[in-house]
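Input: structures, listed below.
Both complexes below contain chain A, partnered by chain B and then by chain C.
Take a look at the complex of A and B:
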C-alpha cells in the first residue's frame, strides 16, 4: 500500500528528450553527408589555415581543405561504425545470452565460460594487433571491435532472461502452453530489453572513444579520410597557432559522447515507465 | 489507561484533508478526518484497500510522497506539537524523538548492509544495551544476534527487530502499518501479542493500520473505521464488534469469514467495491453501496453523532442498522456440474529436496526435505485445501502438482484432460507487464486455432465470468488494481476450463472484503465449470470455507488429512492445533 502511494512518475526530462532528438539529427546528417557537405572533404579548396569565417564556416585546415565538410564526414566515419559495432554486439550477445539461459546445463556453462573468456582477454589490445596485421582501414577496425563487443550484452541478456523465467508471469505463460521461440520473444526477452537498450546507448560513448583511439594511433581510416580522432591527433601541433583545426573535431567527439549518454539516461527513464 | 479521567492525547488529528496528484489529476484521499489517540491507548484503524488508511499513517509521519504533490489542510499534532505547515526539521525531530514506526515489509525496512546491532543502536536514546531490547522483543540469544545481518533472520525476527527499534526510542506513539500482513499466522499471533504487551508495559500509544477486523479486535482498545477517505465510525472494540452502528462496519463484520461461516452459501459481500479513493463531493460516500440509503444520504454529508456503543458514527440511519443488514447479500452456490468421483491426480511417494547454499568453511551443504514421501489423491470435482505454516512444504507440493517443479523421486500421474492452471499469490506479478490482459488470456486459446473475432469473444466471456468489464482486455496489469489483477489471472485460468485449478495463497495478500469476493468467485467457478480445486493457504478459516477436505502439512510431510469440518473442530496433530490457536479470532476470544 505504501509502495503504491510512493510510485514515482517516470518521464524524460527536457534535456534528455533534446538529446534523443539530437542523436536522430546526427544520424541523419551522417547518413546524408554526401548531399550536405559544402565541398569535397579531401580536396584543397582554398588557402590553408583560414580561421572560421563566413566563406569557410569552420575555417580550413593545414592544406586548405574545408573543415566543415571534414567534420560532417568525420561524424559519418565515427558515428556509423559505432552503430554497426553496437548493433553486432547486441545481436550476437542476445543470441548467446538467450541460448545459454534457455538451454541451461552444459550448454549454458560452456557459453558462460566463453563469454568470460572474451571479457577477461584485453580486447582492445588484441583488436589493435588484429587491425595492425590486417592493415589500417575503418572496416577492419569495425570487424575487429565487433568480435570483442558482444560479451557484456551476452552476460546482461543471460542474467535477465534467467531471472525473469523464474517469475510467476513466465511460469503462468508456460502453464498457458507457450513454448520455444514464442516464449522467449514474447515473454522473456522484453524483460531484458530496457537494460540492453540503456547499456547500448551508454556504450556508444565507449565505442566512439575506442574508435577515436584507433584513429589517433593511425589504425582507423587511413590518412586523407576525415576521422574525428585522427583529425585531432594529426593537428595537435597547431593547437596554439590554429586552434580550430584540433579543437573542432575534439568538440564533435565530446558532443557525440555527451549526447549519447544523455539519450541513454532518457531512454532508461522512459523504459521504467513501461 | 488510567481508571479515573482520560489521559492526555498523544496524537491529535483535526479536520485533516489530503489531496494527492497522480498523472496530473488531483485525488482527494482524506476528507476532514478527526482522530485522537490518548496515552497508552491502542487504536486500530480499519478499512479496505484504497480507503485512505495508509495515507493517514503517512500524513501523520510526514512521509507523504513528494512527487504526488500532496496538499494538506487541517491539523496533526503529536504531544501538542503542530506539524502541518511545519518545516522538515520539525518533522524530523518529532519522528526521531516521539514517533516509532513499524511497517508491513520488515525485511525491506531494515538496512541490508548493516548489522542488527548497529541499526538498533541508532534508535536507542538512553544508552541501554541493545541486547536488552532484543531480549524484550523475544529474540533468542540476543548477544550473538546483534552481529547478524537482516538476511540471516526470518521475517518474523526482522519484524521483532523493527519493533525493538520502534520502542527503543521511547516514543509517545507508535504507528504500525499492517505489520503482520506479510507474516504467517503463527508468527502473526506472536507479533500481535508482543506489540500489545510492550505498548501496555511502556504506556505507549499505538495507531495500528489494518484491513483485518480479527487482528484489530485482538489488539486494540478502540477501533476507528475508515471508508473512502472519511472516518465513519469510532468506538470501543468489544462493544463496536457487538453493536456496529454503521452499515459499512456491519459489512466488514459480515465479510469476515471465521471458522463458523456458513459453507452452504456464498459469503455476504458488498455489491461493488470502490476501486479509487476519490471521495464523493457531497453526501455520504457509502450511499451508493448502502441498502439503507435515503434521500439526505445523497445530498448531505452525515455529521459525527453519538453511537449506541458509546463511540461516534457518521450515519443518518445508524439506529436502523442491525447485524442482519446484509443477510440478503449472500447468494447460494450454483449446482455442481461434476460428480465428485473418478481419480484425477495421484501423487505417490513424492520427494523433493532443496539444497541450502554451501557456505565457505561452513562444512558440507545441507539438504532440506521440502517434500517427504507425499501420497495424495485428488478426485474430479473435489476441493482440497493444503494448510501449513511457512516452510511446511505446501507451496512446493502445489508446484510439483502443477508440473512447475520436477519431483526428485515418486510419481505424479494425471488423468487425461486439460492440464492444471495456477493462481499465484502475487497476482500482478503473474501477469506479463508488457502484454495486454486480452493477449495473455488469448494465449491459452491458441491451440484451438480460432479466428481472431472468436478468440476475442471467448476472452470477453471469460472476463465477464470473473466479474470484470470485457474492456479490460486492452489494459495492461499496471492499469489494474490488485483485486482486478487476481480476477484477470483467474479469467486466464478458466478461459479453457482445466480439470484442476491450483491456488497458491491466492487471497493472502487481500483485504477481507476482496478475499471474501474472491472465495465466492473461485467456489462458484469450480462448481459451474466442474473443476477440482487445490487451495494452498495458511488460513484455516479460508480452507474450511472453500474445501471439502483439508490436508495439513508440517516439515514437508502430510501430518493430518480429513473432512474440512472435522479438522477444525477435532484436530489431532499438534501442528493443526497450533494453526488453530494462532487464528486471530481465537486471539480475540483469549483477550476478552
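Take a look at the complex of A and C:
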C-alpha cells in the first residue's frame, strides 16, 4: 500500500501537487473570508481609483472599496457555489445512473433517454433564460445550473455500474443473497466513484467559467456583491485608465480555472496509481 | 497632349470619380440605442431628439443656450387678454420634404392628429378646446382655461411638430400614418430622412428647399453603437464626430488630444423616489436613509465638476437662485434610528438608460447606508418595468433613482409629470391632495416669482414626506472632435446638438 502511495506521488507532477495544495488554500480562504479580509467589501474605505500600493494592495475600485477584500469575497462567491453545483450534479447524476443501471428494462431506457435529452438541449442558454426570468441572485443561478449539471454524471455512473455489476465480486455478492441498496452501496458504487470524482474535479473549472459568465452578464448575486465576473463587466470602461479594476478579478478567474484544472489532472494521476 | 499626359489626366480623373464623398461634408454621430420612431407624436425619445428637430419643426422653440421662447414655423404670435386664445402667424415659403407648400390647413390637420387620444403624446394638447385656420397663414388655438405653461409645451423637445400631408394623407393607412412614419419622415426641417436601417444606421441629407439657412453638412450619419467604449474608440480614431451622451464622467478630465467637451446646464435632475409601502414605511427610517444618501457623500466622485447639489425638486434651469437642499447630517442619530427599527434591508433600483452612472450612484448609496446599519442591494430597472412599478409596489424596489427630464422649462411640466396624483412618472403612486391643490393653483399664476413660490412649497412638502428626494442638477455633456463649432445646445433639449447650425471651422 505504501508503495502504491509513493508511486502515486511520483506520478503527480510537482505543478499538480502545488495546484491541489493551492485549491485547499483557496477553499480555506473562501470559507474564512469574513475573518481574513482587510475591510468590508461594500464599504468605501478610501478615495476611488487608488492604484495598487502598500496602503491598498490591490488598489480601490470606482467607489473607493478595497479591491483585495472584494476579490477575496469574489473568490468565495465563485468557489463555494461551484462546489455546490458539482455536489448536486454528482448526487443527482449518481442516483439517476444507479437507478437506471440496477433497474434495467423500461426504467433504464426512460432514464437514459431523459439523460440524453438534458445533454442535447442547450443547457447554459436555458439556465441563462431561467435566471433572467427568476431575477438575478446567486441561489437562482446555482439552482438553474444544478438542474442541468447532472446528466454527464448519470451517464458515467450508469455505464460504470453496469460494467461492475457483471464482475465476479458483484456476482458473488448476489449469490450470497446481497440485494437492493446494500448491493449498490457496498459492491457497485465504490467501483464507479473514482471516475466520477476525477470528472467532477476537472469539471469544477467549467462550472467556474459558466458562473463567471452569469455574473459577467449581471445574472449572479445582486450588486454590489463582489462577484468576479460582474466586477470585470462593470468596470470594462476603466480598462485603459484604471486597469486593476477590471483586470484583477479576471486574473482571479483565470487562476481559479487553471488551478482547478491542474488539480483535477493531479487527482486523476493519483486515482490511476492507487 | 502627349500619351503620358493623357494617361496622367485619366488617372487623376478616375481617382477623383472613385474617391468617396468628402468626409468634410458628413457628420457622423453615434446613438447607444435604436430610436423607437421619429414620429413626433408617438413616443417620448431621448436619443433622436436632435434628428427629430431637423426633420420636423414646431410652431415655437427655445433659443439656443437659453430658455427664451422664439418663433419657428410661427413667425409671430399673440395671446388674448384672457390667456385662452393663441393666434400664430405662420412663416411664408415653407415646404414639406415632398415639395408641397405648407399652409395653415396642413398645420390644423396635423394638430388634429396630435390630439388623437390613441397617440401617447396627445396630452400636450390637453385643455385645447378648438383649433382653426382662418386664413392660409394663421393658425388659432383656443384653450378651455388659461394655461401659462402652454407656450412652453409648444416649445418642448416633444412638442407638436408639423407632419406633412405626404404622411398624414398619402400614407394615412388607417393608423394616422404611424406605421409609415416609423421608418419615413415628411416634415419641413433642414434635413430629409433617406435611410433608416434599424439597429444599424440612419442617414439624413440636406433639404435643398429649406426655408431657412442651409446647414453646413450635406449628410448626417447616425450609427447605432450600443457600447460606449466602442463609441469612445471610434471618436478617438475619427470615425465619429460626436458622442452626445454617456461619455464616462471620470474620463472627461483626461480626454485624448483632438477632443473637446461641451458641458451646459440642462433640465436633467437626479432624483430618488421612495417606495413608502415596505421597509421605508416609517418616517423616522426614511429620514435616517435620507441622511445617509446625502449627495455630498458621492456627487463629486461620480460627476466631478459636471453636477451640483440639487436646490429643489425642480432643476435649477427651471427655478434658479436658491441654496442647495439641506439634508439631515446626524449619522449617529440615523444609526440609532435604524438600530431601534431592527434589521432594515432595502433594494435600490436604477434606470437602465443611464446604467453605469446610476449604478455607481446606487453603489455609493449602499456603502453609505451600510454605515448607518442598513443593508442594501442594487438592481437595474428596464425602461418597460419603470412604468409598471406602481402596479406592484410589493415587488418594486424601495428606492428608485433616475435622471429625470421634464417636458419643458415651465415647472408645471415637472409637477404634472412626476408629482401629481396619477402622474405618468409618479413611479410609486404618491398622492397628496395638498400637493395637487397647490399645483392647480400654481398652474394658473403668470407672475414667475409668485408661481415659483408655490412650486417650491410643493418641493418642500415632497421632501419632508420622504417621497421624492432631490439629489443633483446634472450638466448635459457632449464630447466632440475639435474643429466643430456652433453646436447650439439648448438646456431643455437633452443629449442634442443642432444639426442645422453645426459646422466645421
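As a working rule, the second predicted complex is superposed on the first by the 262 of 274 C-alpha atoms of A that agree within 3 Å, B and C clash if a C-alpha of one lies under 4 Å from a C-alpha of the other, contacts with A are read in each partner's own complex, and residues count from 1 in each chain.
We adopt the following convention: a contact is a pair of C-beta atoms (placed from the backbone, for glycine too) under 8 Å apart; a residue touches a chain by one contact, two chains touch by 3 or more.
Model, not experiment: these values are computed from the prediction.
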item	value
Partner chain in contact with A:241 - chain B first, chain C second, else both or neither	second
Partner chain(s) touched by A:175 [first = chain B, second = chain C, both, neither]	first
Chain B versus chain C as contact partner of A:46, first or second or both or neither	neither
Partner chain(s) touched by A:38 [first = chain B, second = chain C, both, neither]	neither
Touched partner set for A:194, first chain B, second chain C, both or neither	neither
Chain B/chain C common contact set on chain A	none
Interfacial residue positions of chain A with respect to chain C in the complex	40, 42-44, 48-49, 62-65, 135-136, 218, 222-225, 234, 236-239, 241
Chain B-facing residues of chain A, complex	1-2, 5-9, 167-178, 186-187, 190, 274
Parts of chain C lying in touch with chain A, wherever the complex brings them together	228-229, 232, 248, 250-251, 254, 301, 347, 356, 359-360, 362-364, 366-368, 370-371, 377-380
Contacting residues of chain B [partner chain A, same complex]	20, 23, 49, 54-55, 58, 64-65, 67-68, 103-104, 177-178, 402-404, 419-422, 424, 426, 429-435, 440, 443-444, 446-447, 489, 492
